[in-house]
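Two complexes follow with subunit A in common, the first pairing it with subunit B and the second with subunit C.
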Partner chain A sequence: MSWYQLPATVPWLTIAVLLPLAGALLVLLAPSAARSAIKQLGVLTTVFTLVLVGLLLGGFQQGTAGLQFDEHHSWITNLGISYHLGVDGLSLFLLGLNALLFLLALAVTDPKMPRFKEFVLLMLVLEAATTGVLVALDLILFYVFWEATLVPLYLLIGAWGEGRRIYAAFKFLIYTVLASFFMLVAILALAALNANQTGTLTFDWSTLVQHPVTGSVDVLGIRVGIQVLLFLGFAVAFAVKMPLFPVHTWLPAAYTASPVPTLLIFAGLISKLGAYGFLRFNLSLFPDGTRSAGPYLAGLAVTGILYGALMALVQSDLKRLVAYASMSHLGFIGLGIFTQNLLGVEGALIQMINHGVIIAALFLTVAMIERRAGTRDRTQLRGLEQRAPLFAALFLVVSLAALGLPGLNGFVGEFLIMLGAWSRFLPLAVGAGLGVILAAWYVLRMYQGAFQEAPSQPTAFAEARWTEAGVLAPLLALMVVLGVSPAFFPAAVQATVQAVVSR
Partner chain B sequence: MIDLSAVHIDYQTVLPELVVTGTIVVVLLLDLVVPPDRRRWLAVVSVVGLAIALIASIPLWGQHRSAFADTMAGDSFAAFFNVLLLAVTILTVLISPRYLRCVHLDFGEYYALVLSAAAGMMLLAAATSLMTIFLGIELLSLALYVLCSFSRLQEHSQESGLKYLLLGGFATGFLLYGMALIYGATGSTTLLGIRAFVTSSPGTNVLLLLGIGFLSVGLAFKASAAPFHMWTPDVYEGAPTIVTTFMSVATKAAAFAAVGRIFVATLPSLEAQWYVPLALIAVLSMSIGNVVAITQSNLKRLLAYSGIAHAGFIFLGILPGTTDGLAASLFYIAAYAAMNFGAFAVVTALDAKGEHADELTYWTGLFYRRPFLATTMTIFMLSLAGIPPTVGFFAKLFVFQALVTAHLWIPLIVGILTTVISLYYYLRVIVVMVTVPEGAPVEREGVGLPMTVVVGLSALGTTVTGLVPQVFGWALQATRF
Partner chain C sequence: MSTSQLALLILIFPAAGALLLAGRGWRLPRIVTKLVGPGVVWASFVVTLTLFFNNASGDFTYWTWIQSGSFNVPFNILIDNLSIFMCLVITGVGGLIVTYAVGYMDKEDGPSYARFFTYMDVFVFSMLLLVLAGNFVFLIVGWALVGLSSYFLIGFWYHRRSAVLAARKAFVMNVIGDVGMILGTFVVFVSYHATTYRAVFKALPANDTSSLELAAFLLLVGAIAKSAQIPLHTWLPDAMEGPTPVSALIHAATMVTAGVYLVGRMHPIYDIAVYAHGAVAIVGAVTALFAATIAIVQTDIKRVLAYSTMSQIGYMFLAVGIGAYSAGFFHLLSHAFFKALLFMAAGNVIHAMNDEQDMRKYGGLLKQLPRTSWSFLIGSLSLVGVIPFVGFFSKEQILGAAFSKPDASLALAVWAFGFITALVTGFYTGRMWWMSFAGKPSPERPVEHPHEAPSVMLVPVFILAALATIGGFIQTRALGFGPHMVDDFLKSAVGAQSWEGGASEVIASLVTMALAAVLFLAAYRIYIQHAWKPWSAVVPWAQRLLERKYYFDELYDAIIVRPMDGLARGGLRYVEDPIIGGIVTGTGDLAEAESHNLSLTETGYFRNYVLVFVAGAVVVAILILARAGS
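Up next, the complex of A and B:
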């Protein structure tokens, strides 16, 4: 079932990847001084991309598990590398989140910032790369897009960040590149093993999925399944990107140093790419490996939930607080993925969208507070509710969504994940429940302290402007819509998730 | 008296070399009559000669000629290297006149020497006998010794040339000694004869293995692979930058042509014996090159160590001893040629103007002074670091793929770890270029049309070569001996 039929001859996904690049090219040709023109170009490009992705969302055949908008061309035939793009339930809504967050990020970018033209250029290149990550279905092509996201991110943090930006950028880069190379080795080994079994060398995801590798090898005298080894190779890359405990240590530095528009993408989207990788590759290609190694990763995910929540409790810097809260919530997604059952994985997929929406909104509001008050230290802020009631209301909705209040979107995903975890890892579900309680603690304390307590002396704090409310509006609308009627979402993805978990 | 009537003389096989050699003579004679302010015409004549040689190389593609009593081959492998080496030489000559004028080294001998080195490299790529291999190496080395010390009044340049000469002579000694031992063990100087001997009498032949060992030392020296790399940073730093640009790319390519012919085409059956020493060379080169490069503050030295590391990566493709692995190495060499030539060309462009342009501090804020050079340099650095979608990534991918297929895990792991280390210093160059300079006046100036074209072409080659699928197919076909 779909709302309408899109012509199959149009390479929709290639256009979706190339559109931001075309915008980047136009920005490149524009003179640096034409700041407002560059801003309009950037925003327009992301609007067009969002419209295109919206078209795809409507034209998507719901209830089918297979790939849609499929594009398959040979590329480096000698090595079995092909150009294969496609969308299914796993990537559909993430594409939407991707397009939306880039639009918001460019909308809040200040044209008066130094080297504005280069900033917009890099953001658009980054959008092309992240779109490519979500639609690429050849393992080498995926890897190319995956790594291509790093350079723009590195430069965006390193050249436009704050504080210890060079250190943060390097730390992020070294962590992710080192981890990615494990994945590269696993990709090469997987293709070689598959070639031994079937006789043809291919890196095509849809072919590899049909022939799961079997067998085991001796590693330092211990018999280990090949699937487990390959699973771990991929898992390292995705765990660092997400990040899962204990490979998260680049996160506070990188999030704190990021400029706000980049931070929206970083926290809202890049972390989802790691989770998406787990679903697309680990669960689909190595179901047996996931069954063996998944429980340990689920354990790490719950450790991350609690660790992130406890760290969030002791932060006074709002940006760091939200960074740790983000990590805590990402743990839920990890837990859901490794339940390997319908409820858990579906919950994780929903929570990926929710998390992107909520974290983006939180970081945006924190940036607004900082711009007004000149500080983002939680202990310095008092009684903002009286000064700016509308702003306080916006912030309250976002906070309540973050702590998982029923009726807002955060609840739906977390509830499904807990249900899924309950039937597979009961102790872990209890641990995750503790995380929900801690979330209520640090979120409400932040709101009460900054907004409700009476100020010792009157402070100036401006009300939310229309432009700011306009930027937050789509995110708030999504929070309410996804929270009140979450049912349309599983309908679109259920068939795909069912296919993934039944492998 | 040697009877030469049985020797098969085949001019088509050596036509590219003949054309280049002929151009040397023409350039030397022209230098006598051309007035000093018209010396750029020597460059024009050189480029024309090189272009004709390049066209003459193309018919060799797909052939399996063996000429001059099996001492020269006219095959796809030779054609591949001829095209690569000639392209690099043409690009070098194109950017030479402006640089030479700026540093007051505009002498006609320069072009003759570059052409001699190119002829030697082409000879080496086509050589299928120990004698012709030696001839090729000597021809290219002698020309480069002089070119390194071409800046007669600069102490640095003299030191560079002398160092290269002394150490190079030492390495040649090893090379010759190895050749003598191989001849003693097999009774043949042609690679065909050696291959026939090795296949007909298996079993450990200590004399032969010793010979191969000494031969590898000589070749590893020319390829600037560790532990025979000590000369590289000093020679690269002291030599005129344009010479460094040329030799860093072309010499390495030629040396690896010989390595490929000897190890993969001639001695694949002895892979078990030569694997460990060659793997050691590869692992040491990658480790030493990438780690020591971190501490360098001089860009020429940094690129020298990076070149040592890349020699290690190219060796990785040789290790499986298969033609598929060699094809990965060939692709790597072509990729390295594009990105490293580009990087050095940018250094040359800056060096022609500024004092100490090779010090990293000079590069602070280059993005605001020379946006074109800085942008292209960024591309070259990303490619050298192996970040997709540049050609450097695909080169590493193909080499790693060859290692995985052959189950050679230890070199693979070292390759991956050192690649991560290398990111640090390549990206540092980019960070330096985007850092805003303190209070320096913003001066924007051109670098001349030839340099713009050459750097642009290198950047284009670095970005699109990996995405064009045919290139790897060519590398595969070039290794079908």
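Up next, the complex of A and C:
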């Protein structure tokens, strides 16, 4: 079932990857001084990409598990590497989130910033890379896109960031590059093992998924399933990217240092790529490995929920507070993934979108506060509601979504994840419930600290402007729609998720 | 219109009112707020009355909220006599209270005024959703939205730090309850594969099982949090920071009775899960006495009423806990009348006293505020349980049911608690009324010549006073004869009480009433005539214990709040900060010192890392390939 049929001959996904690159090329050709032209170019490019992705969302066939908008061309035949792009329930809505967040990020980019042209250029390159990560179905191709996201991110944080930006960017880079090598090793090993079993060397996901590797090896005298080893190789890369506790330590520095537009992508999307990787590769390729190692990662995820929540409780810097809140929420996604059942994984998928929407909105509003008040220290802000009630209302809705209020989107994902966890890891579900309570605590402390009580000194604090409300509007709309009527989401992804969890 | 459309309309009116006031309220003329705010609640009341007179019932599904595998949650509304009963209370008493607020909140400026009625309408909407929801998930949605609106209203005067803190406390405690409900719903779903009441109740086992007990206990956590029962009660007294109409609407008449509704709605579960059911009765009995004793020493008139509310809800828990469901709901109705009356009359006093809430600074108001004083007396006598006021019939029906339940030592034990509570209630109510209205004006009184409230605040009070006076005659079962309209009406939804009382029950009731009345009068001797030594002079340690509310706040601070805070701070200082700084800081700092330009390749350390790891990766890959190939 779909709303309409898109012509199959058009390479839709290739276009989706190339569109931002084309925009980047135009930006490159533009003179640096033409700031408003560059801005329009950047925004238009992301609008076109969003429209294209919207077309794909509507043309997606619901109720089938297989890949859609498939593009398969041989590339390096000798090595079994191919150019394979496709979309299924795992990546569908993330593509939409990706396109939406890039549009918002470019919309809030200030054309007066130094080296604006290069900034827009890198953002568009980043969009091409993240889109590629989401649609690539050849493991080598995926790896290339995966690593390709790093360079623009590193430069964006290092050159346009704030505070200890170089330190933060470098730390992030070290972490992720190191972690990615484990994945590379695992990819190579997987292909080799598969070649042994089947006689053909291939890095194609859809082939590998049909021939799960078996067997076990001795590691330091202990017999370990090969699936477990390969699982761990991929898991390191994805756990760092998400990040899962305890490999999250690059996060506070990197989030705090990021310039706002980059931060929207970084927190809203890049973290989801890690979660997506778990679903696409770990759960799909190594179902047995997941069954053995998953419970430990689920435990780490819940630890992360509680740890992030506790850290959020004691932060006074709003940006850092949201960074830890983000980590806590990512724990829910991790928990959902490793339940390895329908409800948990669907909940994780919904929560991935929710998290992107909520965290982006939180960071946006924090940035708006900082721009007005000159500080984002919770203890120095007070009573802003009196000066800017509309702004306060916007921030409140975002906060409520963040603490998982039923009726808004955060609840849907958390509910499904906890329900999925309840039947597999009961104590972990209870731990997650504790995380929900802590979230109410730190989120309200954040909202009340900044907006309520009597203002400390007569500072000017401007009311929300239409442009700001306009940027937040799509995010707020998603919070309400996904909260009130989320049925369309599982309807679209269920077939794929069912196939993943029943492997 | 069909019943399903009418049912939806009950929800739509307050939602639309809230949206209108939230969106445009501060720009529209004040009169619009005055009309829309209470108007939408009355509109819902009229619709509910229509359903009531049509004997409507049914289970209506509007859309699928989510469906995934066997997990199917529709948005459905359940119309039966219980939900209609609750809607009547919410919109009827609620309508009176919101109307009263038109006058009470008149001091607020335009935006604040509109904001207040937005919150009130949001609350009414949420509460109606809670009682109309036909499945566990939307019950939770209503449940949480009610907690949210309570948060809004408690923190309405957000420039006051105490209000902000009270609001947060209420919200977090309510979230504890929400999580209990969510987990309870999980147990229900995992055991019975359904989320709608109808399907779940049909699938219940005939005999008690451990999972059913677990579900019932987890749901009870939600009920306890929302209804401010021990041990999740500490938010309610603090919630008196909200404006007085809020206290009347949320913290007396409707929201805090949600726990009673929950147990009643889930009665098929509690009828089987006997341990959880017993726990309901015990929690109620203990809270009833516990809260009543604290009320003795309160000096803030609203806090006396707050503790009295906890205590009276304890009675309702007690009733539904022993299976006397309709008695519990009769008391819910009766309490909504007289407690809303007491709060609003107290509001009139506070209004006249320039927002002073300390009863010690009142005195002698009877002559100056006669209408409010006499109304307050009607509410007080109803609270004490004096014939013929409504409180007598409802409370004594509960006590009678507990007294006469055959072969139930638990029922007799909770009766004893209820009996003592009734006496304590007589005393603290007497103290409150005499101190405020009798005797001579206090020298510290802020207003020498107070004025009665405007009629928009007096008329709702009079209506409730009338209801508190004659309302009891719809059900006089406590006397052993006469009509029992509430029981009859609710029979189809919560079943009939399975046992009948006898003459001894009626005698016990009359004795209880007589003793409570005596204590009501004794308060006059102590606090006005000073004829007897106050009890606090005799047992000062008890006075201290009660003034500190049995040290619950201190206890929670010591065992939860501070350890949690310490854990978080310790974690930050000894774990997070060192790790963040530690492991890669060395390299990071060097990198920072070395490279201030942004070329990747010039970052020497980075290149080294890459080299080392490429080499490592290749070695590992070769090893694995070799082994796999062998």
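Please note the rule applied: the second predicted complex is superposed on the first by the 503 of 503 C-alpha atoms of A that agree within 3 Å, B and C clash if a C-alpha of one lies under 4 Å from a C-alpha of the other, contacts with A are read in each partner's own complex, and residues count from 1 in each chain.
What we mean here is this: contacts are C-beta pairs under 8 Å (C-beta built on N, C-alpha and C of every residue); 3 or more make two chains touch, one makes a residue touch a chain.
None of the values given here were measured: they were computed from a predicted structure.
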item: Touched partner set for A:30, first subunit B, second subunit C, both or neither; value: neither
item: Partner chain(s) touched by A:21 [first = subunit B, second = subunit C, both, neither]; value: neither
item: Subunit B versus subunit C as contact partner of A:79, first or second or both or neither; value: first
item: First, second, both or neither for A:486, with subunit B first and subunit C second; value: second
item: Superposition-derived comparison: subunit B or subunit C, residues of subunit A touched; value: C
item: Partner chain in contact with A:224 - subunit B first, subunit C second, else both or neither; value: neither
item: Touching partner for A:418 - first (subunit B), second (subunit C), both, neither; value: second
item: Which superposed partner A:174 touches (first subunit B, second subunit C, both, neither); value: both
item: Which superposed partner A:140 touches (first subunit B, second subunit C, both, neither); value: first
item: Touching partner for A:148 - first (subunit B), second (subunit C), both, neither; value: first
item: Footprint overlap on subunit A, where subunit B in one structure and subunit C in the other make contact; value: 151, 154-155, 158-159, 166, 170, 173-174, 177-178, 181, 184-185, 188-189, 192
item: Touch list for subunit B against partner subunit A, complex; value: 382, 387-389, 393, 397-398, 400-401, 404-405, 412, 416-417, 419-420, 423-424, 427, 430-431, 434, 436, 469, 472-473, 476
item: Subunit C contact footprint on subunit A (complex, rising order); value: 151, 154-155, 158-159, 164, 166-167, 170-171, 173-175, 177-178, 181-182, 184-185, 188-189, 192-193, 196, 217, 246, 249-250, 252-253, 307, 310-311, 313-314, 342-343, 346, 383, 385-386, 389, 393, 400, 403, 405-407, 411-412, 415-416, 418-419, 422-423, 429-430, 433-434, 436-437, 440-441, 444-445, 448, 451-454, 485-487, 489-491, 494, 498
item: Subunit A-touching residues of subunit C, taken from the complex the two chains share; value: 22, 63-69, 71, 111, 115, 137, 140-141, 143-145, 148, 151, 155, 158-161, 164, 167-168, 171-172, 175-176, 178-179, 182-183, 186-187, 189-190, 564-565, 567-569, 571-572, 576, 579-580, 583-584, 587-589, 591-592, 595-596, 598, 600, 603, 606, 609-610, 613-614, 616-617, 620-621, 624-625, 627-629
item: Interface residues, subunit A side, partner subunit B - complex; value: 74-79, 81, 114, 140, 143-145, 147-148, 150-151, 154-155, 158-159, 166, 170, 173-174, 177-178, 181, 184-185, 188-189, 192
